[in-house]
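Okay, so here's the structure we're looking at.
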Amino acid sequence: MNALLATLYQIVQLALVLALAPLLTGWVRLVKARLVGRRGPSVLQPYRDLLRLLRKEVVLARNASWLFRAVPYVMFTAIWLAAGLVPIFTTQLALAPTADLIALIALLGSARFFLALAGMDVGTSFGGIGSSREMMIAALAEPAMLMVVFSVSILVRTTSLAEIADFMMSGAVGLRISLALALIALVMVAIAENARIPIDNPATHLELTMVHEAMVLEYSGRHLALVEAASMLKLLLYVALIACIFAPWGMASAGSGLLAALWGVLVFAGKLAVAGALLALFETSIAKMRVFRVSEFLGGALLLSLLGAIFLYVSRGV
Amino acid sequence: MAVTGVAAKRFPQASGIVYGGTAAACALVALWAVLRLGGGGAADTLVLPVGLPWIQAHLRADALSAFFLLVVNFGGVTASLFGWGYERAHRDHHGGPVLPLYPLFLAGMNMVLIADDAFSFLVSWEFMSLASWLLVLSTHREPETPRAARIYLIMASFGTACLLLAFGLLATDHGDYSFDAIRSHAPSATAAALGVILVLMGAGSKAGVVPLHVWLPLAHPAAPSHVSALMSGVMTKVAVYAMIRVLFDLLGEPDWWWGGIMLAFGAVTAVMGVLYALMQDDLKKLLAYSTVENIGAIVIALGLALVFKASHTPVIAALALAAALLHVVNHSLFKSLLFYTAGAVLTATGTRDLNRLGGLIHKMPTTAFLALIGAAAISALPPLNGFVGEWLLFQAILNAPALPEWSLKIGIAVVGALLALAAALAAACFVRLYGTAFLGRPRSFAAEEAREVGWAMRLGMAVPALLCVVLGVLPTPIIRLFEPAVRLMVEAGPFDDRAYQPWFWLAPTSAIGNSYNGLILLAVIALLSILLVVVIHRRASDRVRWSIPWGCGFEGPDPAAVTQYTPSSFGQPIRRAFGSTVFRARDHVDMPEPGDTRPARLSVTWTDPAWVAFFAPIGKVVDWLADRANVLQYMTIRRYLTLMFLALVLLLVMVAVTQQ
Amino acid sequence: MIDLGYDAAHMLGAVVLLMSFALLYQRRLFSLLRVFTLQALALTATAAWQAFSHGEPHLYITALLTLSLKAIVMPVALHRIIVKMNIHRTIEPALSIGLTMVAGVSLVTLSILLVLPVTADATALTRENLALSLSVVLLGLLMMISRRNAVSQVVGFMSIENGLILAAVGVAGMPLVVEMSIAFSVMVAFIIFGIFLFHIRERFDTLDMQKIESFRGESD
Amino acid sequence: MSPIYVIVATPLLSAAILALVPGYRLAARLNIAFSAVTLLAALVLFRTGPAGNALFVVDAFNIYLIALTAFVGLTTSIFSASYIGHEVAAGKLTPRDLRFYHAMYQAFMFTMLLALSANNLGVMWVAVEGATLTTVLMVSLYRTAASIEAAWKYFILCGVGIALALFGTILMYLAAQPVMGPGMAAMTWTELMKHVARVNADILNLAFVFLLIGYGTKVGLAPLHAWLPDAHAEGPTPISAVLSGLLLNVALYAVLRFKMLLAANGEAIAPGPLMIAMGLASLLLAGLMLYRRRDIKRFFAYSSIEHMGIITFAFGMGGPLANFAGLLHMAMHSLTKSAIFYAVGHVAQAKGTQRLEKITGLTVSHPVLGWGLLVGVVAIAGLPPFGIFMSEFLLITSTFAREPLLAIPLTLGILLAFGALVLRVQQLCFGEPGGESAPVRGSLVPLYAHLGLVLVAGVWLPGPLVAWFQTVAALLG
């Protein structure tokens, strides 16, 4: 019975993230537009964009290899699955034990790996620029994220997201410097990984400043649709992750019924709204930084997270 | 086997005999090893009437040896397969003989693993170095080979000397060098400490631990590719075996700082190694440096195992050791695979320089596909085997709080950060490798004219590639297989046998309730992607138009080729972030004047701090001393007589003094 | 009687040592040869005396050999070489005479220091004789390294041999003394022969560096 | 009667005979034949085992050295047969020289074997002196300015050394005479061993100093080594082979005999430190000198100095393991080094030069010879599976267990020399073959015979030999 329920929840979650991702992006864009005094497009605009792209024909470079065409599917699946693994409305997920936080980070890593390869496949300079910068960012972002995992899991004695969420909900932790540091680090990573300002500008049209966009410059049609959808999913995923670790309240925990699950969904929607608003606010309030200062930014994140891990010992002998 | 190898010069088909025979022999040994391990790995011993007369040669194969025998000989099998094709493709190369030495090299490695007394151990150890040295020299007509070989042999012998001293210390001067004797008598604290340091230096120099790694990226690439694969994928593991054997088995109860040292050096090695790799433009050199990085990871795992063993938490130690051994297997698989692909590329294009490759995915589809698996595996992407090893390692690291020493608790946090950094950089490094070698457009005529290689080579690549996937999806069986070895070393296994453990489920006891399941993960991924593909192709338009990509304004049939990113430019951001301080890496941009039609050139220079700090000075000192000493060659007879006279008087004075 | 024997032996030995000092002191080749002849004669006397006092006839042969070879043949041969190859007649010391003397004295002290503790069951004669011969040998070596001429070095070499024989005849019943001294004289003969035949450069160290290197096959 | 008489007499007679034989080809064959006879006798001796009388002593120590000497004597005579053929063809030597050469060769063998087997210290001295004279004559065989200069240097230095050794011998008698009374007994080794315990220690020390310097000059210990490289480099290569392979051993053997006496006497100073100091000095100095050599024969001559240093160090350390290592190393070094000189001789003839930088790519131009040389150098460098590895293994381990501070310089020295050897052997054997290169005429049998023995010894030592080594190791203290 339980297993069945868990599987059900799992499927629901996979569908849910897919459905909510464009909404979140739309929401962020809307808020940003309002903040700079424009009316801005509708919240549903991203859905329309995706559908339009799907209907367009695909333009491929002559020497594009099979890898180039396979990558969108691969990376989308990887990120989708990863998003499916983060408990958003309940901790009762069938796949929870198959992959923990580390595996999740690795999934995102593989998505990035293949996308970077795709960027180099055609052999244009922009693809190269994009890939190399993306990998540089990742090289610092990943360890920072792992350090966050490290400090959290030392505290919680596990790396399985479901258990972390449960533990955090139990409120046994209380406020901690290390958690605060970890939170900041994770946010910085999230910004970097989702190609947001100040690391990268999702709306830019100046190739030289592009990172993510440069990498996917050669994509079009359904491939581009998948890539775009994947990045929307990724944004959602990070919000969900932060929520799950640092603000898991309202999530349906073990043994609770369907009602709790529904409530969890609503709460999660709320969380998304808040997070999106905050992100938009943040993005409008600062300017993009030079590419080569990114390493310093993320190095900072890495050090913060490391500090967090060390502070754990100082604050209380764990 | 070697004899037929000598005969090989006469008859070309002898190469088939040698490689076939070697493959068969290795396969047999590997099979035997599997059976031993399956049967719980009871040790069987053998005493041959050779070696030191009063102790003779003791041979012993316990679970640990059996495990490493498996690794070595499996590598031997694939290498022989690949090598056969490789030799046929390189029939025309005029160099030293490979055939007679190749089996000897493998034999040497096997001997090291089963030796049970210090003498035969060191004989086999140095014999292994000797054989591989000659194999490296088989390409002695290429300009950089001799220096590489020289540095290699000298470093190898330095390592042997360290081990020699260590064993001398542990065996004391009763002349009983058998491992049993060494085990039975516990060394004094200082002796143990000295022994540990010496062993780490000795085995570390062979494994390529920074700063003793300098020979590795020179020697490994110089050899023929299948030999490079053996040296990088397998011989380094023999060094790891030596570390485990001495530190876990012979030295008895460990002290916590032993592991501490290993953690420190392992972390440095991992990060430095991958950074070196990121700056390399030579395909095989890059792979060799990445070996350094992986060795760093293994050493970290061993260090963890040691500290946990020292703090009497054997279960966690077992987890760490399992991580180390699993990574040993994994690395031997994908590093061999990658070296084979490098060999295939070399065969097809005749170059190892990334700046002259590109677009091979169209010309050599099979190789490219297998290389992709290798690159993904070594970048620790799920659901491949590289990730499983890393996962276990991190689970072990997460147990740091269980340790009593504060320095270790915090130190391990830092080590974890460095390890993560290394892993991420490795991914970047292999994106760079794969993207420039196999993707994009050909950067030279040779790359344009490349052809897929023969079946033997492809088979040699395919086998390890397949295993990379299998071990990634089903890691538990292999861990079960080498569990006896782990139990032998730390008196505990990675799995809790009271709880039920399904064979496709990876949930180590001490991994604080975490688990990983590659099989299900793979299944779900497959499911979702199929779903995706179906949906997309049902709903979306699948019209495709082929066109020329935009070349930033350059004209011509293939404009993008002109503006294609080079490996050096790909590495630039990371170089800027890390390299400029550590390696004094400098970019020299030669930008032509406006109106000048010649292309801009970007050249990169960098130095190896280890070389600058340690090895260059040694060379200088030796030169200086040699010059001073050389004066003695050019003196007159009277002066020589004077020397004699002085020596005599000196001794007489000494006697006089002692007599008073 | 034995006292007399002791004193005489002691006295003669002392003369030999004195002669070695005299050798160090010489500045001219011919006088060097003369002094060497004197030393040889003194040695002959010692050998004969020992032969007489210990009643060992074979020491007479030694005495005879010393007399004939050292006191007559060698000096004459060297004299002829000097004349024939007209080596110029003054000795060029590598170490100034004064310093040489100082060194010689200190060597003698050293040898006495070495011998002093030898008291247990060694007769006084042995000790004296040991000290003397040790000094003579060391002085001969000093002579060889502090003089540049080939001839003076040969002389130094022969005075080393004198020291050996002095020691040999000093101990009672030393066998094979004759054989050894013969074997030794052969070697000395070789040296002189060598100088004579190959015109070995009149001084051992006139070879300039470049010449040596070309010999050593070590020049680039 | 004991085969020892045959062993000593054969070379003496054959020397006389060869002095009369005109044709050099015949002489060369006879030379081989006589050496073979000597070897046979030596093998018989090897089987019958230790024996001795007033004149000769054959004990666990010298029995294997005698056999070794006879063996190397035979192989070298085979090698020289093919070597001189080339030299005559090249017009470097006249048949008259060769008659002299062969006679001297056997005379040299005679002095060697006599020095090894003599029971009387005086006789031993005379033999060593004779060895010096004969080799001086053979070194100057080419009559070139360089060879004469080398011979002269050799002669003067070793002459003085010999003189000092004689003085030491006399002192030894002088010390023994009060105890054992006048007469032969006090110079007979076997007798001395019996009574040495009661001999005055102070004179013994004095004697040993002179003997160490004296015979040490012939061993080639630094700083007394100056004669060795030139003598090796300028003489005919067979002589270089026997110099390195035999003469040095014999000189060392003499030193060790006296060390035994000191060890047997209670109060005498321990000669260990002196030998360790000189050994290390030779090892390190030679190791450094190797880097600057340009002449192939001089290069390997310095390597001989290095190994003599190692051996002396081993005996200086003492103790069962180190002494065992020393004895083994003596045998292994003489076999390997003479093998290397066989190879070098042919190489120099094929390439027409002894300059190192002019000789490259041997494994390509002369595979059999080149690989032979390579294996030889690998063996001499102390790599397994050859015998020298075993001795160095024992030496280093035992030293480090007892005197860690001494093991460090020892290891460093060995690595130093190792570096130089690797550097050179790669130049010699690999890379593009350069310069002129004639085909090699001449037998490589001696070369590979030696290497084979060294290889076997590296993995397996015959029981009796081990037993002898261990007894001697005990005697050496």
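Letters are used for the chains, namely A, B, C and D, taken in the order the chains are written, and counting of residues starts over at 1 for each.
Note that in this section a contact is a pair of C-beta atoms (placed from the backbone, for glycine too) under 8 Å apart; a residue touches a chain by one contact, two chains touch by 3 or more.
Just so it is clear, the structure is predicted and the values come from calculations on it, not from any experiment.
Of all the chains, the one whose CA centre sits at the greatest distance from that of chain D is A.
Between C-D and B-D, more C-beta contact pairs join the chains of B-D. If you average the Cα atoms of chain C and of chain D, the two centres end up 31 Å apart. Chain B and chain D have centres, each the mean of its CA atoms, that are 44 Å apart.
Note: centroid distance chain B to chain C, computed from Cα atoms, is 69 Å. Rounded to whole angstrom, the centroid-to-centroid distance between chain A and chain B, based on C-alpha atoms, equals 35 Å. Shared contact sites, meaning residues of chain C that touch two or more other chains, fall at 114, 117, 141, 144, 204, 207, 212, 216, 218.
Contact with two or more other chains is made by no residue of chain A. Contacts with at least two other chains are made by residues 633, 637, 641, 648, 652, 655, 659 of chain B.
A list of each chain pair in contact follows: A-B, B-C, B-D, C-D.
Those residues of chain D that touch chain B in the shared complex are 152-153, 156-157, 160-161, 164, 202, 205-206, 209-210, 212-213, 217, 223-224, 226-227, 229, 269, 274, 285, 288-289, 291-292, 319-321, 363-364, 378, 383-385, 389-390, 393-394, 396-402, 404, 407, 411, 414-416, 418-419, 422-423, 426-427, 430-432, 458-461, 463, 466. Those residues of chain A whose C-beta lies close enough to touch chain B in the complex are 14, 54-63, 65-67, 73-74, 76-78, 80-81, 95, 97-100, 102-103, 106-107, 109-110, 112-113, 116-117, 119-129, 131-133, 135-136, 138-143, 146-147, 150, 153-154, 157-160, 163, 218, 221-222, 225-226, 291-292, 295, 299, 302, 305-306, 309-310, 313, 318.
By the touch criterion given at the top, residues 633-634, 636-639, 641-642, 645, 648-649, 652-653, 655-656, 659-660 of chain B touch chain C in their complex. If you check the complex, the residues on chain D that touch chain C are 120, 122-123, 125-126, 129-130, 132-133, 136, 145-146, 148-150, 152, 155-156, 159-160, 162-164, 166-167, 170-171, 173-174, 177-179, 181-184, 186-187, 200, 202-203, 206, 230, 233, 293-295, 298, 354-355. The part of chain C that touches chain D in the complex is made up of residues 114, 117-118, 120-123, 126, 130, 133-134, 137, 141, 144, 157, 160-161, 163-164, 167-168, 170-176, 179-180, 183-184, 186-187, 190-191, 194, 198, 200, 204, 207, 212, 214-218, 220.
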